[in-house]
Amino acid sequence: MPTRVCFVFLCLALSLTACVFILLFHRNLGKSGLRVSCLGLGTWVTFGSQISDEMAENLMTIAYENGVNLFDTAEVYASGRAEITLGNIIKKKGWRRSSFVITTKIYWGGQAETERGLSRKHIIEGLRGSLSRLQLDYVDIVFANRNDVNSPMEEIVRAMTFVINQGMAMYWGTSRWSAMEIMEAYSVARQFNLIPPVCEQAEYHYFQRDKVEVQLPELYHKIGVGAMTWSPLACGLITGKYSDGVPECSRAAMKGYQWLKERVNSEEGRRQLAKIKELHLLADRLACTAAQLAIAWCLRSEGVSSVLLGVSNTDQLLENLGALRILSQMTPQTVAEIDALLGNKPHSKKESRA
Amino acid sequence: MPTRVCFVFLCLALSLTACVFILLFHRNLGKSGLRVSCLGLGTWVTFGSQISDEMAENLMTIAYENGVNLFDTAEVYASGRAEITLGNIIKKKGWRRSSFVITTKIYWGGQAETERGLSRKHIIEGLRGSLSRLQLDYVDIVFANRNDVNSPMEEIVRAMTFVINQGMAMYWGTSRWSAMEIMEAYSVARQFNLIPPVCEQAEYHYFQRDKVEVQLPELYHKIGVGAMTWSPLACGLITGKYSDGVPECSRAAMKGYQWLKERVNSEEGRRQLAKIKELHLLADRLACTAAQLAIAWCLRSEGVSSVLLGVSNTDQLLENLGALRILSQMTPQTVAEIDALLGNKPHSKKESRA
Amino acid sequence: MPTRVCFVFLCLALSLTACVFILLFHRNLGKSGLRVSCLGLGTWVTFGSQISDEMAENLMTIAYENGVNLFDTAEVYASGRAEITLGNIIKKKGWRRSSFVITTKIYWGGQAETERGLSRKHIIEGLRGSLSRLQLDYVDIVFANRNDVNSPMEEIVRAMTFVINQGMAMYWGTSRWSAMEIMEAYSVARQFNLIPPVCEQAEYHYFQRDKVEVQLPELYHKIGVGAMTWSPLACGLITGKYSDGVPECSRAAMKGYQWLKERVNSEEGRRQLAKIKELHLLADRLACTAAQLAIAWCLRSEGVSSVLLGVSNTDQLLENLGALRILSQMTPQTVAEIDALLGNKPHSKKESRA
Amino acid sequence: MPTRVCFVFLCLALSLTACVFILLFHRNLGKSGLRVSCLGLGTWVTFGSQISDEMAENLMTIAYENGVNLFDTAEVYASGRAEITLGNIIKKKGWRRSSFVITTKIYWGGQAETERGLSRKHIIEGLRGSLSRLQLDYVDIVFANRNDVNSPMEEIVRAMTFVINQGMAMYWGTSRWSAMEIMEAYSVARQFNLIPPVCEQAEYHYFQRDKVEVQLPELYHKIGVGAMTWSPLACGLITGKYSDGVPECSRAAMKGYQWLKERVNSEEGRRQLAKIKELHLLADRLACTAAQLAIAWCLRSEGVSSVLLGVSNTDQLLENLGALRILSQMTPQTVAEIDALLGNKPHSKKESRA
């Protein structure tokens, strides 16, 4: 596996390069002081479900030893088992608590009516449940896993401030909120002297660009909110896995992922697959894989603080981490070439007054 | 008793119907994010006093298993024994804390001068006592059981904010406060950046309408305060229990309930009993009991988040829960018919500028 | 006319008595610093309509010379003509602007949709119109003539603050608002650092007591709002004018006052007339007229800053002013006697914690 | 033209109908207290440019006499000549200032670098210029004609608050701002106790729905901002003017309207023209014109406070005003039929927590 060898070599042996590498590797989360690795390890679909706990431990170990300090989970992932697996591994490894960042997300915590949404009750009880499963005293960031239009923003921001003031979390963030909702949270925080969110988790890849490239940079400049993005490979679409249809063993063939299969087979899906083939050619030219190109492309976006990886084996993880190698090749020319190829570059606000 | 059988059947067996049922069953408490069942179980007069602890446990079990997630008590009920009974049952049943909502009320906590009212001292000490009796770390809502004109509003709202920030309660509310007093609490909360109340507990039934139908909706629209109502059967008056005078064994014959007896026997009381007879005929037509009609009628009011039931046996409870069955029959026509019969529909504010 | 002679004699000749008299005569408006005479002259129905401008001038002159410094009007009275008449008289008399208090009320200013209600536009334009008709640079108090549920409270309080900051008014007040609405105005003022209202104008007489005796004192103690009351004679009901039916020439026989006639002739109206006859006997015993007794009775209420008189001739005015003579006879015994007679003393909040 | 005759007849002759008409006709602008006619007269393209001043006066007269109280302009329209024409007509007609609402918009005020954008300097100087051209002391609403990303929001909101506190405007609003930008303005207003905006001007017609139907209602519920919409006929597209290509004399053939011509001739444009033909059939069925249907359809949206009409002759104006006649025919069925036909109904936020 030349890629992996090459990568480890790069990190550990060439001190000068490693230095540059490390500078590139960690970024402030938005305008907050928190330093996160620009690649994080997600646990969605995998931990406590698709993969064994042994594999989960291998993945975390490789990630951690390669400088990844960000591990993301949610109370809803595998009905809490993702958090349990993550917590067990952290405990077993004995890494210093101060050397990594754990984030979880609250919204769907159980079957009872009061165990869902963003009521003060569920934010507090939900996070307590997460901490219990994680065997931690606190997470670094607690996210609202989606907005809850039935809970007033003041209640949400007060509850997030409460769990931070109780020491149950260091920061709070939003996940899949609209720019307007994030601004409303900020507004309420300022109005009542509460703690504003530091980060939005958003889907971001070749075919989903508008929010991360246009709306979040605006929020970053105005209120300092950073972007932690997920699905850099569009659930595998980008790796070419579905180029010749949906294979039996893939995620798109899994129960509950009918929507993904439909997306692949739609007219729009076929157009996207054509573009993916061209991106594969470009990846070949840059001597990297399609996945590496896709991840490096996400990282080149100035508003992105960290990209969450979803992997189910160590090869995938090492390949994905290798995206950093080609980050320096994300020159304006290459980016422009990809933009031309995709044909979906969102218009940012014109700054001209004409 | 076909009603009860039918109801249980409806809840447990017909999944489709049950689904609709559950959608109707939970409501947000005012504009807060807290989801409460539209029927709650009160403990006034009953727990720790009129009924055995075994019966109390039966009632709570039936209620919980039928979707009721709201249990209301107060430090004053049976001099604290209502809380003790409630706490013992919760502990014994082992239900997840996040799956239900416990509310208690503070005002009369003991004989000492400092154990009554809404001083900061008594709010904090009183709630600590309640938590101890309930064997809980926190209640979901702590209510001020009445207003205390001798405690400044700032002190009350600061103390309520304190117990919430200490994690001893999730929310706070008022009980039997005037609209003006609630608005004052809100005003003080806004002025000093404290936490405003989310709910008012108010008496509501056929013969007590003005506050819940006129004043509280105005407060709901302005400041989001919801209504949790009690005495839907007017202490039994509505069931026809007193239609032929006050029986020996009834509540109105109990010590301390002389006022109820007097009310029943007053001229106004006789007029009300005549109306109750007509409501019984309407209930017959709708194939429900008078109590079910009265409870469904309370629930039809858009400002009502939850109606607290006061029952002393399981038959009563199941009958009362059956009120949900006829909620869909509370059509504008039926409501108008009841209004005509009662002849006491309060005037809401005219919106015209003429 | 012995009453008048006696009264003038009392004021001008007996310096010691006059001194006491003057102390009694002026009161602070609520907790504000503004000193108003405890009797004010209203212009409703009379100025610009029922009475000639000459009579209006006579009334104002007598009032002013007898120490009345408060003159109340509204943009809607006689479609603006009340303000024109009042303004002309003030200009003609040449009294120092600083020696009297002019109040007007805004709500109904014209036929256009934008000329009614409490929008910022109408509060500002309406008051400009009033000042123009009054030929004044400012009024002392501008009242919102009723609440406007279609205008947000923030807009109303901002506009009132604006006209005060522009120098168009010294203070602002409310007229016929509920206690809750006044508290909301105060809340908004505190929240946004705007100017709170100082006074509520409310109907107050033997048969309308609850608001002025229970609700407004509470507001006075909490937020300093004073009460300026009107209709001390219940539109003439109390003087015995209607004791033997509605005479042709009385207000109750006028077009648009059908409601008053109906009230007089209702069952409740007849009960009230019976009480009025007894009050006449009491007045005889106290050697005053029924009107004087009624006005003095209003003034004995500690929450009342000023009582507005509505008179259509000089005799009435002098008689009404004479009410001050018997204010000292409003002893607890007399007040209790009247309460017993009326049988409608409102319960104030119990202060006990029992 | 029976429509016009019928309409005028309806307004002026049938008093009962006219009464209903007027009730429907005025709406509060968002949650503000300002009452605007639901149809307003715009001056874009027309006043001071496309039409003679005589025609402009005829249009304003007809509009005003038919109950329209809202006239909208901007400093940029016809380089200020629209405001001059509007101001001359108002002066000549002598209508009471309080009987109508004038709105203007600031952004492009001149050639100098400091005469554009939303600097404090240009907001104040620009509005002074507008008031001078309009010969008015104040406008009712001053709009920011677009957002200016180079001016800090705090500066914009402070300047808007300044012009309101100076009496140069009653309210302020935004035009073509994103929901997030409007929320930011609100946030800044709350943080620094400044005055928040009351209204957003937005394009709204059959083919531009998302903002007015999804985003603005959310803002309305959260912060009370209302919608004043323009281009109900999509620059004439909807009337069928371009169904057979772009005629020489139409707006789409004018200099500077190349974009409109391109839009008409695009693939999307052709699809829209097909839908417009079907809407014409529906209009025939409802016995109204296609323009009337389109305007009534805009007005049926609950979030819309007022629709601005752009007309160049009196026939058009009277036809457009006739849209009110069919507003009662905008039943759920008809609206659903139009939605099915257009196939572009935007999704509002799902409220479910599932």
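Per-chain numbering from 1; labels A, B, C and D assigned in written order.
Just so it is clear, a residue touches a chain if its C-beta (ideal position, glycine included) is under 8 Å from a C-beta of that chain, and two chains touch if they have at least 3 such contacts.
Per UniProt, the chains are A, B, C, D = Voltage-gated potassium channel subunit beta-3-like.
In this text the structure is predicted, and so the values were computed from the model without any measurement.
Path length between subunit B and subunit C in the chain contact graph, taken as the least number of steps between touching chains: 1. Using the mean of the Cα atoms as each chain's centre, the chain most removed from subunit A is C. Centre-to-centre, using mean CA coordinates, subunit A is 42 Å away from subunit D. One simple way to say how far apart two chains are is to compare their mean CA positions; for subunit A and subunit C this gives 68 Å. Between subunit B and subunit D the centroid-to-centroid distance comes to 48 Å (mean Cα coordinates, whole Å).
The multi-chain contact residues of subunit B, meaning those touching 2 or more other chains, do not exist; every residue touches at most one other chain. Here, these are the chain pairs in contact: A-B, A-D, B-C, C-D. Within the complex, the subunit D residues that touch subunit A are 108, 116-117, 148-150, 153, 178-180, 183-184, 186-187, 190-191, 215, 218-219, 222, 349, 351, 353.
Against subunit C, in their complex, subunit D makes its touches with residues 22, 26, 28, 31-35, 37, 69, 96-101, 140, 165, 167, 170-171, 193, 195, 224.
On the side of subunit C, the complex with subunit D involves touching residues 109-110, 112-115, 117-122, 124-126, 129, 148, 150-152, 155-156, 158, 162, 165-166, 192-193.
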